[in-house]
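You will see chain A twice below: alongside chain B first, and alongside chain C after that.
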Partner chain A sequence: MPAKYLEAEVRQEAGVAVIELRGEIDGFAQEALTAAYEEAEAGRPETVLLDFERVDYINSTGIALIVGLLAKARAAKRRLLACNLSDHYVEIFNITRLSDFMGVYPDRNSALEGAATT
Partner chain B sequence: MTASGQSGHPDNGEGRRLLAELDLPSEPGNERQAAGEVAEVVEGLGLQPERLERLKTAVAEATMNAMEHGNGYRPEIPVTLKVFASCRELSVRITDRGGSPVPVPDQEAPDLMAKLEGLQTPRGWGLFLIQNMVDEMNITSDEEHHTVELVVRLEELERARGPEGGEDAS
Partner chain C sequence: MTEEAPRPEEERKEEGGTREPRDAAYWARYAETLKVSDVPEGAAGINVEGRRAVGPLQGFGKMWQKTYRVRLGGVAVTPAEVIKTWKENYTEFWPEGNRFYAPLAGIAPGEVALISGSLPGGVKLSTGVMVLYADDESFTLMTPQGHPFSGWITFSSFEEDDATAVQAQVLMRANDPLYEMGLRMGGHKMEDEMWRQTLANLAAHFGVHERVETHIICVDPKLQWKEYRNVWHNAGIRSALYSVTAPLRWRRSRGSR
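And then the complex of A and B:
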């Protein structure tokens, strides 16, 4: 099964820095994920949204990378949100308690609405 | 993955049959192949999609641990996966060469707040995920090998389906 290396693109939407993720979030994803987060942070947004719509695999190393981003966001008093996780990865975000520290939304629109109202 | 066919091989008198066996080189990324191949082998057992996803995550994490900690990501040293089934349970055994001490899950329970505050490394989720994805996890070792066994109880599956064989409405 060939690896699908992570690609990440940063967009600005409704005052939120949205990181569109595509591929796999594992040990190979560190460089792309870190670079995308730094690009998103450069505009000093209050909220950064990770969009997982086209992510089909997250492993424990990927969870660690997301923990690292969450730590950075909290240190900068920024909110980190997530959307479009599959049911399986929502369960993993619940088990790891990531969902206690970052808003998890079913889709991008609800995440942007959540960012605007909270 | 080498399939053993419907007749299978009896396994030490416990009523389990060996469904398939696979050797994988210890190379980063091969854990996904392991999960995919196990999913194909157990296709006929009727696992619900969410239980299959949990099993795939557990297999991938255990294989990754075996390749990294057991075999030091040396491609020439394979990780061996064996899939067994009985009428009561499905078992996947993942064996490495045991290059490091046997991991003790309870001592590695991750604390997200501690990780966010820099008191724990961000890593260390593997065994925790495995424990939460399957009904039972057993770790055994001898002088040369570590084996992690992942167990999914098929009786739980039957109960979840309810008396009519459909989804439990509760």
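And then the complex of A and C:
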């Protein structure tokens, strides 16, 4: 059964902190998203990857939360990447111009390769 | 509106025939630049037509998150009813001195609204906003290049402690160095007062006269110096030049008759 609210799990893969997101990213997601990002940051990774494979809803407040994470990552000189966005969410990242500042990859493997080579 | 209008719901299918996510109808479609389809009398689309929409990442100044909130205690009204009222009467809730020309199609994803306002020092300003997102309980406006700030304003309503709350949340950066200076020299205060007054007007519409709470966070204290060229699009400067050159345009139009 799909999660209604956001669940976020942090994994370490190839030196990258991967945050697997599941459910909805809206105003109610702030606590889960912030906690996951702080857990990911604790290992001082150069790159944090947000995996959107199981995200089925994002509203404008949710996009603002991602902007907040991006601001934190840039302040700490970390890269924030995104992967597994559906075509619709790629369009949302383009219209909100998040994609100007975040590397967007089609899947997790290409994102990890991208993190290793750039 | 933006160059590409939202598609009807029945056509909203991704390649492969699967339905798009349920938030798809609420977002504006991607468009490279903004297009003004109708310019009401008294408005000017000069700083909107052909401009790109810009978010809080593209500006020059410090990034701020400003939240203004009021509770509609003691009133039996749902968040959806509040947002419906807000969308339908957006212009009426704005404080005096600024004018918001609502799109003919209303507050709907992709629509563009024009604004006439003034900057600190009395400089007249013609600008606008695009409706980035709109659902039953919230809507978000996104600013164009040249606007005093690059960012989003999200208006929402929700249940909080057995009452309906109303909120405006601005995520913004000054668009260029001149605006950053202006915001520091009274612009922030003017803006805070504007949104507090807007929420107070909305609350008063429902018979509530509560204090509007304000919560301000500096999300990113760094200036983005590489964005200093945004001053080229500065709507304040362009609006002033447009006003100064009005007689020349008038003479030219008479001469061409």
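Quick notes on this one:
Operating definition for what follows: the second predicted complex is superposed on the first by the 115 of 118 C-alpha atoms of A that agree within 3 Å, B and C clash if a C-alpha of one lies under 4 Å from a C-alpha of the other, contacts with A are read in each partner's own complex, and residues count from 1 in each chain.
To be clear about the criterion, a residue touches a chain if its C-beta (ideal position, glycine included) is under 8 Å from a C-beta of that chain, and two chains touch if they have at least 3 such contacts.
Only a predicted model underlies this, so the values are computations on that prediction, with no experimental measurement involved.
On the superposed chain A, the positions of chain B and chain C overlap enough to count as a clash. In the superposition on chain A, A:Gln12 contacts neither chain B nor chain C.
In the superposition on chain A, A:Asn109 makes contact with neither chain B nor chain C.
Taking the listed stretches 8-16, 62-70 or 80-88 of chain B in turn, the superposition on chain A shows a clash with chain C for 62-70 alone. Under the contact criterion defined above, the residues of chain A that touch both chain B in one complex and chain C in the other are 27, 57, 59-61, 64, 67-68, 70-71, 74, 87-88, 91-92, 95-98, 100-101. Remark: chain C residues 14-15, 20-24, 26-31, 53-58, 63, 65, 132-133, 135, 138-140, 142, 152, 154, 156, 158, 169, 171, 219-220, 222 touch chain A in the complex. For chain A in complex with chain B, the residues that touch the partner chain are 1, 3, 24, 26-28, 57, 59-61, 63-65, 67-68, 70-71, 74, 87-88, 91-92, 95-98, 100-101.
The touching residues of chain B, when paired with chain A in their complex, are 28-29, 31-33, 36, 50, 53-54, 57, 60-61, 64, 110, 112, 115-118, 121-126, 128-129, 132.
By the touch rule above, chain A contacts chain C in their complex via residues 27, 56-61, 64, 67-68, 70-71, 74-75, 86-89, 91-92, 94-98, 100-101.
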